[in-house]
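Scrolling down, you'll hit the structures one after another.
Paired with chain B in one complex and with chain C in the other, chain A is shared by the two complexes that follow.
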Partner chain A sequence: MEKILDKQRLDDWIAALTDWEAFAPAVEDGVWAFRPVVGAARLDHPNTKQPPKGFAFPQREVFFSFEQIKGEAPRLTQKLPDSKHRVVFGVRPCDARGTVRMDRVFADHVDDVYYQSRRNNMAYVGLACNKPPSAHCFCLSVGGSPVSSDGLDVLMTDLGDRYFLAAITETGKSLMTTAGDLLKMPAAADRKQAASVHAEAVAQPQRAINNPDGAPARLKASFKSPLWEELAQACIGCGICTFLCPTCHCFDINDEVTGSAPLKGNRVRTWDNCQFPDFTMHTSGHNPRPTVGARLRQRVCHKFQYFHENFGMHQCTGCGRCISDCPVGIDIVHVVNKVTEHAG
Partner chain B sequence: MIDVQSIRDAARDLLAKGEVRAVIGYQRGSRGMLAEPVTITDPEQADELVWDATCFHNLALYLVEDRKALAHAQRTPNLPIAIVAKGCDARAIVVLMQEHYFKREDVYIIGVSCEGGGVLVEYKLARLLNGAQALSAVIDGAELVVTTLAGEVRLPASEVMADRCLECREPFPKEHNVVFGEDQTSRQLVAPFTALARFEALSEADRWAYWCRQFERCIRCFACRSVCPMCYCDECVVDSITFPVAPETTAEEKANRIRWIERSAVRSENITYHMTRAMHLAGRCIDCGECERVCPVNIPLRLLNNKMEREAREHFGYEPGASIGGPSLVASFRDDDPGQFIR
Partner chain C sequence: MPDNIYLPELARITYIKEEVPGERAIKTFRVEPLNGDSFEHECGQCAMLSAFGRGEMMISIASSPLVKEYKQFSIMRVGRVSAAFHDLAVGDVVGIRGPYGNSFPVDDWRGRNLYFIGGGCGLAPIWPVITTAVAQRDNFKNITVFYGGRSPRDIMYKAELEKLRGVADVHLSVDKAEDGWDAYCGFVPANVMDKEPSSDNAIAITCGPPIMIKYVIQNLSQLGFADEQIYTTLENKMKCGLGKCGRCNVGKDYVCVKGPVYSWAELKNLPEEY
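Up next, the complex of A and B:
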């Protein structure tokens, strides 16, 4: 299903989606984030600081609460996410492809009820990148494209005064059907313009990973390369690169005690971060990834080797956030290129 | 204006003559015009060093990393390590020496004066360039000289400089072994604590609402802590392991640890983290502003540290990073202290 939406009517479409809680990019204190749509939604964002990953995999999630009265058995109460339907507008194609990768981890191999119950109630309405939103975009290098619909329910393309809409999934179709008369049938000229906008978008210059297909084998051969320590030399061990990543999914589970008589609290899952020095700290005090080089290697090889071995695709979708926001200039494109060039 | 060649020559000389074991400086990275930290050990690498308005980083952090690595390897080097230091960086080095983190003779300071300038802020520059891509940015007097594909653009430096640089009282690294550039300590572009004063003009309710909004946004990536040369503790209240675990650490010690701050990135925990950090930096923070620069979600952390700095200054006449042998704020007292508790 393909339709045309007048830009002025975007809000009317969102308003028509009464069964859905709608989110769109908004800027506050200079930070772009997906926020509930209040009033007019504008889709003129570069890319959001954080991907929409948190909708299905929030940074903090309560699994269950516990309470134990002395002498009695502990009482556990599972806390499942609510069943609200949520739709996110303005998702960039790289981030939608991130969602596909998150699904592999939390829905294919394991039955993560928390992730799945959120995910199953989500819809993503994407916005093609007519121009790269960042100087560090490299989606084309990792099998993506600025007009990719992978992981989206609807793909929107900005045609100036109107959007060209393509339904990708059944959910997408139903979102568009709900709009009723707001959406028009595209004329031949609209289709032609959309096609040429897409062709131009794909032709925009981007940064490039030189040999993405060869990366898994070459990285495997470079495990002991001295380049890891050299390239990680300036790393400060913060968590920006992975906390802003659309595909990083490591987590920690803790009990947060809220009272002692009776003992009660919550079991909580929070994001964790392989770049933190204590991430792999053993109870013995031994740390198998004791250096910045070992930790950079983990981040890069997870994306370009281990994930590929497990799922047949790179875990990186080329959004460029880890490059733009690194405080000291560590650049995953440069790292992958340099290590793979010098492999074996 | 600083001639970058003089910094390169100094670094090459030091390494070639075997006077230092490494030089911590800046190089051009793979991200366009931005400089990035580098540690070089070969005199040949000296030509890769750069000096411009994107040398944001407080390199004193790498002296701390170096010291930690040496301690871990149980090595005592027989040569000092050299470091390129701006005024703020040099003050950080002084605080670290004051705290006996390392000795004066362990470090060779290649001071570089910011003269009338400082470092730029990327988003301020992007706004002024209106979409044009900058290839390099150097401060020349009161102007920032930017090279773009379309040619050279001269902008008033004060419009692109970081707040911390505008408010800087000491752009000249007083503590140094060698120094390049003029001492323009009295330049005073903007009065110190201007940003803080602007913020404090708000009502208490507005300030509380403001900070709530800021701390709600914190994602606890700890970049502010990681980038800070003063945050060198082996144990930090905010980590899941709040003490160094050694083979002799018992299971009971591990089980009974107190978790002061939960891992959840929620307002209460985030506030506790940032407040604790601000308190621990009182009298130590030298206002390099790196915490604020690196924050991915734009939390104005400098305001917190500035507040503590101004308190120390007004109540105790204390200037952090002023002298290696001088008293530290929280480890000294005066006989004429007006507080009763001290007597």
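Up next, the complex of A and C:
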């Protein structure tokens, strides 16, 4: 299903989606973030500071609460996510591909009921990148594209005064059907313009990983390379690279105590970070990844080797956030290129 | 698998025994499910234990799968959750979820000589294999157990080890000589070397401190054991047990799913990061 939406009518479409809570990028404290749509949604954002991964995988969530009188059995109360339907507008193709990778982790093998139930009630209305939103974009290097529909329910393309909409999934179709007369059939000229915008988008210059297909084998051969410590030397272990990453899924589980006698509290999941030394440190003090170099190697090899070995795809979608926001200038494109060039 | 993989079952502690006293205290716990029906496990698998308010920890199940009424865990007091367990009493209720990970291919070892080589609290993860092999004694040829602690006080499962004599050869050791100790003095790898086990039709299963495992494997190789004849079990910090939380990986393998049991042949193919 393909349609045309007048830009002026975007808000009417969102208003028509009465079964859905709608989110769109908005500037908050000078930062682009996905916020509930209040008034007019604007889709003139570059990319949001944070990817939309928190919609299915919030930074902090309660698994269950417990209450226990000493010596007695505790009462556990599950805190499953609500069943609200949420639709996110303006998701960039790299971030939608990030969600596809998160799905593999949380929904493959054994279902994570917290992730899965949110995910089942979510939809993405994506926006193609006519121009790379960041100087550090490299989606084309990692099997993506600025006009990729992978992971989206609807792909919108900006044609100036109107959007060209393509339904990608059944959910996307139903979102578009709800719009009724707001959406028009595209004319031949609209289709032609959309095709040429896509062709131009793909031809825009981007940064490049030189040999992405060869990366898994070359990284494997470079496990003991001295380059890891060298390239990680400036790392301060702040973890912003993984915090802003659309594919980083590592988490911690802890008990937060809220009261005693009876003991009360919550078992809580929070995002965690492979760049922190205690992420892997055993209780004995032994740490399999004791240095910044070992931790940079883990981040890079997880994305470009281990995930590829397990799932047949890179766990990086080229959004460039970890490069733009690293306070010490560690650049994953440079790291992969440098290490793989010197492999073997 | 339950619908909610993170929700533990409740289990009551029915037995506590202090195995080793002091700063590196080890206690053995047996837990029984409150609802009378829990998951089944295989030799070498682990379970996530909860002390509510303190958190969870991943511990090897030390009882044989043949024992249905309880699950046994031997836990050293080292961290927040293990310390909380050491403060619990019989009758207290804890959480348990699992089982996690792969298992020792015990059925493939029928008709072979088995050598178990443990150090410190590393006896617990291989104890279910030892007790299963002993319970199915006719399925195996010779069973030999090497086990050592820092001092005589650090030897766990003392009574159980004594009971093994007769059905298995038991070679105990302590790191340092002490009055009243008449078995071997020295490190576990040296005790193995001293007894010169034959690699003929044999399987060696080892668990203990990383440095012990390293030298045990070196010595076994020197004695002619092939990489495929040597098994060990890894430990890593774990939170989920299901290959999602992202911290226990060695290369592409999440130890909580693909491990913890590896043959030395398999382990050699993974990056040296454990």
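Keep in mind that, in the parts below, the second predicted complex is superposed on the first by the 342 of 344 C-alpha atoms of A that agree within 3 Å, B and C clash if a C-alpha of one lies under 4 Å from a C-alpha of the other, contacts with A are read in each partner's own complex, and residues count from 1 in each chain.
The working rule: contacts are C-beta pairs under 8 Å (C-beta built on N, C-alpha and C of every residue); 3 or more make two chains touch, one makes a residue touch a chain.
What you are looking at is a predicted structure, and each value in this text was computed from that prediction instead of being measured.
Judged by the touch definition given at the top, the superposed model places A:D252 against both chain B and chain C. When the shared chain is aligned, no partner comes close enough to touch A:L182: not chain B, not chain C.
When the two complexes are overlaid on their common chain A, residue A:D111 makes contact with chain C while staying clear of chain B. More residues of chain A are in touch with C than with the other of chain B and chain C. Once the two complexes are overlaid on the shared chain, A:R60 sits against chain B while remaining clear of chain C. By the touch criterion defined above, A:Q233 reaches chain B but does not reach chain C.
In the overlay built on the shared chain, the residue A:C274 is in contact with chain C alone; chain B does not reach it.
In the superposition on chain A, contact is made by A:Q68 with chain C only, not with chain B.
Contact with chain C, but none with chain B, is seen for A:Y306 once the two complexes are overlaid on the shared chain. Once the two complexes are laid over each other on the shared chain, residue contacts for A:A217 go to neither chain B nor chain C.
Residues 252, 254, 281, 283-284 of chain A lie at the contact with chain B in one complex and at the contact with chain C in the other.
By the touch criterion given at the top, residues 1, 3-8, 10, 12, 34, 50, 52-56, 78-79, 82, 89, 91-93, 95, 210, 235-237, 239-240, 242-252, 257, 271-274 of chain C touch chain A in their complex.
Chain A contributes residues 63-64, 66, 68, 71-74, 76, 78, 80, 105-106, 109-114, 223, 249-255, 257, 263, 265, 267, 269, 272, 274, 279-284, 286, 288-289, 294, 298, 301-302, 305-307, 309-310 to its touches with chain C in the complex.
Listed in rising order, the residues of chain A touching chain B in the complex are 28-31, 49-50, 59-60, 135-136, 233-234, 236-240, 243-244, 252, 254, 256, 268, 270-271, 273, 276, 278, 281, 283-285, 323, 325, 327-329, 331, 333-334.
Those residues of chain B that touch chain A in the shared complex are 29-32, 34-39, 57, 61-62, 123, 133, 213-214, 217, 219-223, 225-227, 239-241, 244-247, 249, 251, 254, 262-266, 290, 293-294, 296-298.
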